[in-house]
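Two complexes are shown next, each including chain A; its partner changes from chain B in the first to chain C in the second.
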Partner chain A sequence: MPASDYQYWLGKEKEDLKAISVRGIHRRDADDKTTGKGVYGRDVKLPGMLYARVMMCPHAHAKIKSLDTSAAEALPGVRAVLRYDDPMVPPRIIHGWDPDVAPHIFSPNYTMPTYTLGHEAFYEGAPLGVAIAADDLDIADEAMDLVKVEWEVKDFVIDVEKALEPGAPHVYDYMTSFDPNALVKYRYASSITPETETIEIAPGWEGKENANNIKKDLTFTLAGTDLEAGFAAADDTIEFSFRKAEVWGFSPEILSTVCRWTDDGMLEFWQGGEAVPTLAIYSLMVGIPEDKFIPHAPYAGGQFGGWDFSSLFPQACQIPVGAFLSKKTGMPVKVVFQRKDEQFAEMDEGIHNIKVGYKNDGTITAIQIDAKVAQIHDMGMLPDTTGGGHFIESTSIPNVKGRSICAFLNKHGFGAYRCEQQINAQIKQQVFTRVAAAVGVDEGTIALINNGQEGHDMAYVSEFKQNNRVPDIDSLGIVLDTAKNAVNFDQKFHAPGEGMLPNGKLHGMCLCPNHEFSNGASPYPPEYAVWFLHLSVDGGKIFMTGHRPDCGVDGRTGFCRIIADTMGMKLEDVLYSRPQEALHSQPSTFLNGGGGSVTFTSISWVVVATARVLKNKILAKAAAMLGTTSEELDIVDSHIIFKADPSNSTPIEALPLTGMTAISRENTSEMYYGGYLNMPFPPSPASLFISRCVNIVEVEVDPETGGVEIVNAVAANDVGLSIGPETTEGQMYGGAIMGYSTSGIEEVVYDPPTGTRLNPNFIDYKILTMADLSEVECHMIESRMGYGPYGSCGIGEDNCTFCSAMMPAAVYNATGVWVDYPTTPERVLKALGKA
Partner chain B sequence: MKRFLHVDATTVEEASEALAKGGAMAIAGGTDALGTLKDNILPDYTEVVVNLKTIEGLSYIKEEGGMLKIGALTLLDEIAHSDVVSSKYTALAQAASRTASVHLREMGTIGGNICQMNRCWYFRNPDNKFNCLRKGGGMCYAMMGDNRFHSIFGAVKACIAVNPSDTAPALVALNATIVTNKREIAADDFWDVATPGSTVLDEDEIVTEIQIPEPAGKSAFIKFAIRKTIDFPVVNCAAMVGGGEARICLNAVYNLPVRATAAEEAMAGATIDEANAEAAGEAAVTGASGFPANGSNPGNKYKVQIARTLVKRTILACQ
Partner chain C sequence: MTEEKKKNSREISRREFLKDAGLLIGGTAIGSTVLLAACGDGETVTETVTAQGGTATVTNTVGGETSTITVTQTTPPVTVTAGTEAGEVAEAIIKLNINGNDVGVMVRPNWTLQQVLNDKLGLIGAKEWCDAGACGSCTVIMDGRPVLSCMMLAIECTGKVIETVEGIALSEHPIIEAYKNNNCMQCGYCTPGFICTAKALLDKNPDPSRDEIIDALSGNLCRCATYPVHIPAVQEAAGKLGGS
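What follows is the complex of A and B.
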């Protein structure tokens, strides 16, 4: 391919980029975060501030029959008691994102119902009943203990399969009419391309009672699928099932909110979430218009994904509770949760039954998936919920069909807190490893044999790339070689159960081949990649105003890099303005200003577009002042130069440009599909899944204790092009550790008789530490095939997701037996017949 | 937390008097006590917290009179890094070095580690959600619930919580004596199932010193936990084998540290080798059964296998 074809992105070679893909650039938040100067949500303290606790339901399903708060009200130091029956509290249930808020994305049945502050709870630990504001938290805790409640305790169900049995306790018993497929019908009516994928809604549910707790029952089929023919074409089939335990979606900083009313009736609040809260939800909860909120965004002490408080349940209640208590007292109120109060979990708990047909050379001919999973919130990702998505996105497997039944449970909210794609990765890993073992090869070989997209082989993908000016690089081959060479894989790999080590342990390896799945830049309706951004110039500096994202992808520095490069400014001349002010609410939580998933990449197009606008304005004004045309000028190193004579330059700061601005809240989906790829909008999903990744983990299993030790981990990711290399490596590294933690040890445990969580703390809920996995060897491959600026693509979710699939496969390679997720000692020993 | 009176004791006597008034708890490093207060796990909240760290003279490690003496307020980190403990009382140094995490070892004391309350996620569930037997309630919820980390040797007073201390089995294996302001107690007799405590100490009794005779043979400690740091043990084991003597103790498998007497008898005077150690491991779990899997509860029979293995490996480590 001629070199010029690699210049599809803005005509720039990598070596021409000054602020992009360069190491050693100081993170803009580094000083704050390493010196203690940074203000996090928990740090916020206002003069006269009160502290509040919210009651959490001790039962898995219960209603308050009577509530006596008199003793709490009488306790010295208590300033206000907010009861569920206070006229101030709206008597309504909010079903997650309300249809009035974002009707094109969400539905009334989007997720579990959440009272603003109600009298009924559908899971243990749900906020309800009463909130208390006091001089300090100790008094608030003491007062809460004085509240007397008479409960009506109801039947509950916390097991997916039991919830789906006839006669199971009714989780949401107030719902008499419920259409479990309403959302999906709406969502897919506008986003699925019938040529490649079809959705079937199980008949018989519409308009019926919410029997058996079924939230949805859907079948997903790759276009052209003929399972019967696919299995007939196979030399053999494998049928298996596996279970996945519930995983916690915690945030290291326990969540809190400070609320204060201004004299003119505005509700000012401080929340340390990663993303701009969806004020429309808070508007419904508090009962004031969106423009009456003044949000502030202190740093976030860690959180998965780009979620904001308004999307987290029960955390969303902090705003109305804080607002009403502040209204009652006339003082600022800080609502503080405890670790046990944080309740949200990953969405893939359940059981998965799979049948795969394959040929003796490793070619997979058909896959059938039947899943029963815990309630999930539907982001329209049906293929993900059936687990077939990653076969469609990065393989040539021609026949893929999955059915997913999602059950409501008396458990807290389930969501994509640690990536909804995990179940896709897990099923793909299980299939690849099993087929590889059956035909005597490794998973990388299976990936190469079946490499492709939407049932087509790589010729289809190559044709797509060539037709769309994307470099036609063998991404899988490169990442596979890179990862394998890093661990000497081909010399170490062995058949399952044949890796006995001199120390008596069993050596195991798992190779996970997958792709960058880019859901944050998907071809869904155009709310994606929409972001409010304001650029201005003053004194030779460019000031960027927008929500300051605060998560690992380091959008604050990354966006400044892109602006500097786009405009020709020195990086030090591009600054974030007023970073602690969340200036604007987004229409949905995905639009989180460079937060989680791949939104940094997709939103970067907004940054590019806006920077171009401002640059053109500056050049036009400069041209007028210098008596030339803007076409004759350019900006280089923060100077206006004449293209014909770069030595003839004028510093930007010397020009009277103050007040010049560019504002963008435009839809960039069309921009990058139409302008970048020169393809119709919405495009084929093919554009999104062409970068490949490989993770390899090496373990030693102690057959006498069931202990599984990770001894080596390698990640090789085709990142397209890294905007900030150290940050990209951080995402790869941290994601891998969190993924191995998910598949290796994490599990929320409930008491079956009461539905109470038994490990709502970080002593009993285990997360891998750096002592358990001290190093992940990271290799970035830069193919420039990504869908983002400079040919970049997302990285935030990848390794976290892929590694969440790998530990059972590694243990299988070591022991020759399969265990479910997570691979804890009791599961390993039981599989080995020793427990 | 709720409010309580905090008393900085300057002498053992002063601390004892404060504790004798009732409704009080002692605090040293605070790594266990603060957690119980923050999580509000007990039915009656502590009214007075008596700080022992302000008592001078209780932090030391010295050999004296043919024995090792460790002050009750000595930090676990100091014990882990003590040359004399590592060289001659190895099991204790190894146990201290495997307790919790670096930061917690720099706060936690040996006295606190042996006095910590037993672990059970029902007993310690926040806000006293399960008013179990250890709290004076009517039932053991773990018995019918999820008991994957609980006792494999049955119940004591119908409770199946486990003693989680890492240093406790080392002290038993090393035949230590616990000195208090009232008496001297053999480590073998120090732990008991109280409500809600885990020792035989009176309400106003305070550990002041640990005494360990010079061991006849080598000693070792091995811990099995889910993670390499922070975690409480799934099972741990300490052994001292040599000089015709064997003392072997398991912990986290029962309400109390468990002397593996059958294993000791098997190893007394025996050669330390794979076969003998394996036989001792098998003997150690005689009588252990554990709970079977039941629905989402995997049970804890796997702990029997781990205990068997740890006894064998700990004995071999005494070579």
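What follows is the complex of A and C.
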């Protein structure tokens, strides 16, 4: 398809769009979700189905010395007991996503090592020992209680800094020759842009006493960085550190998976999730080829990261355990977790030490970051792990260097929980707020002064836009003005600690300026999406068949909108067919069905391309039947019309078109850069980060109780162009509330003597409710500068990520003192010297 | 750690406690054919169950009114082991009025109402999220009040009138359309619980203020944080019902 075909929308004004950016259209899943008909993974029930529980380790680090399952096996109603030493269970340790699985994306050590079902656990709640299938869960639970275990309890460490001290307990003590930086050599060497970034792998850890728990140690440097010169050019410097506590990466739906074997040896499974399960991993775990899996994707009850459960432990054990138990019993087996069994956390837990140099006008001259963080996923660019990423992506700060040491802990996996960019956002917020306070301005002013990309000013960005036919709009200026005006910011603005209110509380504000970042399935190589799509026409309707990518962003409706607009069909004549089928088109990428807005935006290119193919086929066939040429015809409102005389029209349903299809399996990166932008590879990251957004939160802090009340919240996002306005706004206010929740009140609490969690339940783990925050004023700006069709861009993780950074800065503005994340009353009182 | 210590240290959720209590209640009461179950409002239900073969007849007296239903059992009786002492726990047939229909269902004494709705009756709208009475996702309306079905033992509910999201939808209550119009769902897992709570509010207060809506719905958690749009949705439904 020629490049011009990808750019057709540029000449299409918003008012000419039919199904795009139109309000008042119900989500395609609205009926299912408001009537109780929507089937989630938890709801799947098959005839004769058995129920299974998996043993979870009660210790932070322990090994099974002996396991007696005889009483459990004898319990009436127990149908199968799967022990770790069963020949079915592969004894190998799974090191996350294997390089053989996704060599261009993931490292050999994507997650921490684990077993499918082993005899040793490296964190509390790890699956091990035994799984039991029974007639119902009551029996399975009772049987599990009858299992006798003799444990060898080992030393553990759950604190990042302690894990890096000489003599610290060795987390993965079976590993004697682990090269902590092997993955770095593998992963980042192929993913950075050498012209703008460099990496160094710290040498010399081998053989050192405190090297046991090092997962990696990297230093990232923005091209051209001279820290010494940068700090010398500054009028002053600030050095500070902050800590981030663990946030529980839970899904509302407690995970369960149903597995059954077909007569011809296929493993059929049902599991709700935001992404297509990575069958390559499960192939290793179950021991059958990928083509022998039949995945089904019921609705997912909220999943906010991790892409699919194969990368998350203990979640990943469900499919292999279900498969083995189903094989043993010959019956379908539903593996069901309990609430506390679901473990996952955002990757930003740790301590971050930062030095920033700035001039008196707010120009930042240099930033140095030293981070020690918990074991993390290795996705994304290196700045993700040092926290420097957002300085690179949307500022002109010329000198940025960050070092990140990632430590293994006796804790569950840490990864992207809406999302891995949180640490970037937190460090940027802390730097901007501190510099703003130091020079007596607000954070928005700091953002404007330092606006740019990759160390260049906005002239560099404008040149990029002009060279690539992207509208050159001052996105930051617009969103900043919009957000500030919404809360009367300039009138309310005050220096930190100077906002005493008549009610005795302390008024505080935080302004978070940043960019609409693109991650995950963006078109930026190598994290592009390859997507399979099948369109067919029958009886005047267009049917789209593809995996349903949805973690709540309403991909079904969005794709139907795009098809309707591209083909000239009425929206009601475009249907998403077979939404519960999980079509795995490309097993070695994790991006072919992730449900977030970036995935949606990126693979919308495939939808556009495929819809155009089918439209052209329909027009060609219609032309033959109507005795004309396809150039003379068009499709408008589901009718074939003559362009010269639109009143001469024929309903599509009146034509014998049934059976016509279009199939695409496209690389969105090639479509975007090679087609739309016509850029050579590797492209500039600037293509993805040019839209900006601003969040503002206003709080009142009670100095007597430490309570922090959010009294006002505003989100202004340059969304490029919204495909579905209500859905886009939902990502804005929903993300903002979730972010304020994580930075304000959420924290997984551990018991130091045992290393076990104290609050893996929703009595003790608090999230914001409607009583805490029931309104976020949303403003959408549509610059059409995004990387998706129509100039759209995904924003689903942006507000959440930025607001996850903001509450300490708001409390600082109120009180004049800094509080670590989250800003709980206890922390506030302690910071105020009252506790 | 020994097995005994492991068992002692096992975390007991509120719901597990409730279920264990249910086993004790059921173990003593269901052995006979007469079940006396305390109802939430202090009302007493007298229920007589007679069984022959696979068919059971339940004569139920609630508030002086007697009704009789016949239930055909499709699955064989199940023997389970309760607690730490092996022994048989009988099942019982309870009568519910769910979404306007009389239903007889065989339950174990430790089953929650949410389990029975989901697993036995196929009403999957009441969702399990927290399993501890903290999230509101399993909310149903019982005798006009929103209740957490994961915190109710099914045997306590006999004789109760229960309304689930499925029934609210079938009745074409305007709250359903209002929720669609206001885009009140993202992942949608908690949506049915919100709808039940909102409908119960409107039943009692057809013209709720913004604060009253927030107060009523603040017990329902939503991780997608759809909170802002529930308020106009409830207001829209109130308007269609003749309120504001």
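Everything that follows uses one rule, which is that the second predicted complex is superposed on the first by the 799 of 835 C-alpha atoms of A that agree within 3 Å, B and C clash if a C-alpha of one lies under 4 Å from a C-alpha of the other, contacts with A are read in each partner's own complex, and residues count from 1 in each chain.
Rule of thumb we're sticking to: contacts are C-beta pairs under 8 Å (C-beta built on N, C-alpha and C of every residue); 3 or more make two chains touch, one makes a residue touch a chain.
The structure displayed is predicted, hence computed values, not measured ones.
When the two complexes are overlaid on their common chain A, residue A:Glu826 makes contact with chain B while staying clear of chain C. Judged by the touch definition given at the top, the superposed model places A:Val749 against chain B, while chain C stays out of reach. By the touch criterion defined above, A:Val39 reaches chain C but does not reach chain B. Legend: residue contacts after superposition of the two complexes on their common chain; A:Lys643 is shown touching neither chain B nor chain C. Contact comparison for chain A: of chain B and chain C, C touches the greater number of residues. By the document's definition of touching, of the two partners only chain B reaches A:Asp159; chain C does not. In the superposition on chain A, A:Gly552 makes contact with chain C only, not with chain B. Once the two complexes are overlaid on the shared chain, A:Pro252 sits against chain C while remaining clear of chain B.
By the touch criterion defined above, A:Gly707 reaches chain B but does not reach chain C. When the two structures are aligned on the shared chain, A:Pro76 is found in touch with chain C, with no touch to chain B. Once both structures are placed on chain A, chain A residues 58, 138-139, 142, 145, 338, 340, 761, 763, 768-769, 771 are touched by chain B and, in the other complex, by chain C. Those residues of chain C that touch chain A in the shared complex are 1-3, 6-7, 9-11, 13-14, 78-82, 84, 108, 110, 118-119, 123-135, 137, 164-166, 169, 176, 179-192, 195, 214-215, 217-231.
Listing the residues of chain A that touch chain C in their complex gives 24, 26-27, 29-40, 42-43, 45, 58-59, 75-77, 135-136, 138-139, 142, 145, 147-151, 153, 250-254, 299-304, 338-340, 551-554, 726-727, 729-730, 733-738, 741, 761-763, 767-771, 773-776.
Chain contact summary for the complex, chain A toward chain B: residues 58, 137-139, 141-142, 145, 159, 338, 340, 704-707, 745, 749-754, 756, 758-761, 763-764, 766, 768-769, 771-772, 824-827, 829-830, 834-835. Chain B contributes residues 1-3, 35, 38-40, 45, 121-122, 125-127, 129-130, 141, 144-146, 148, 224, 226-232, 234, 293-302, 304-306, 309-310 to its touches with chain A in the complex.
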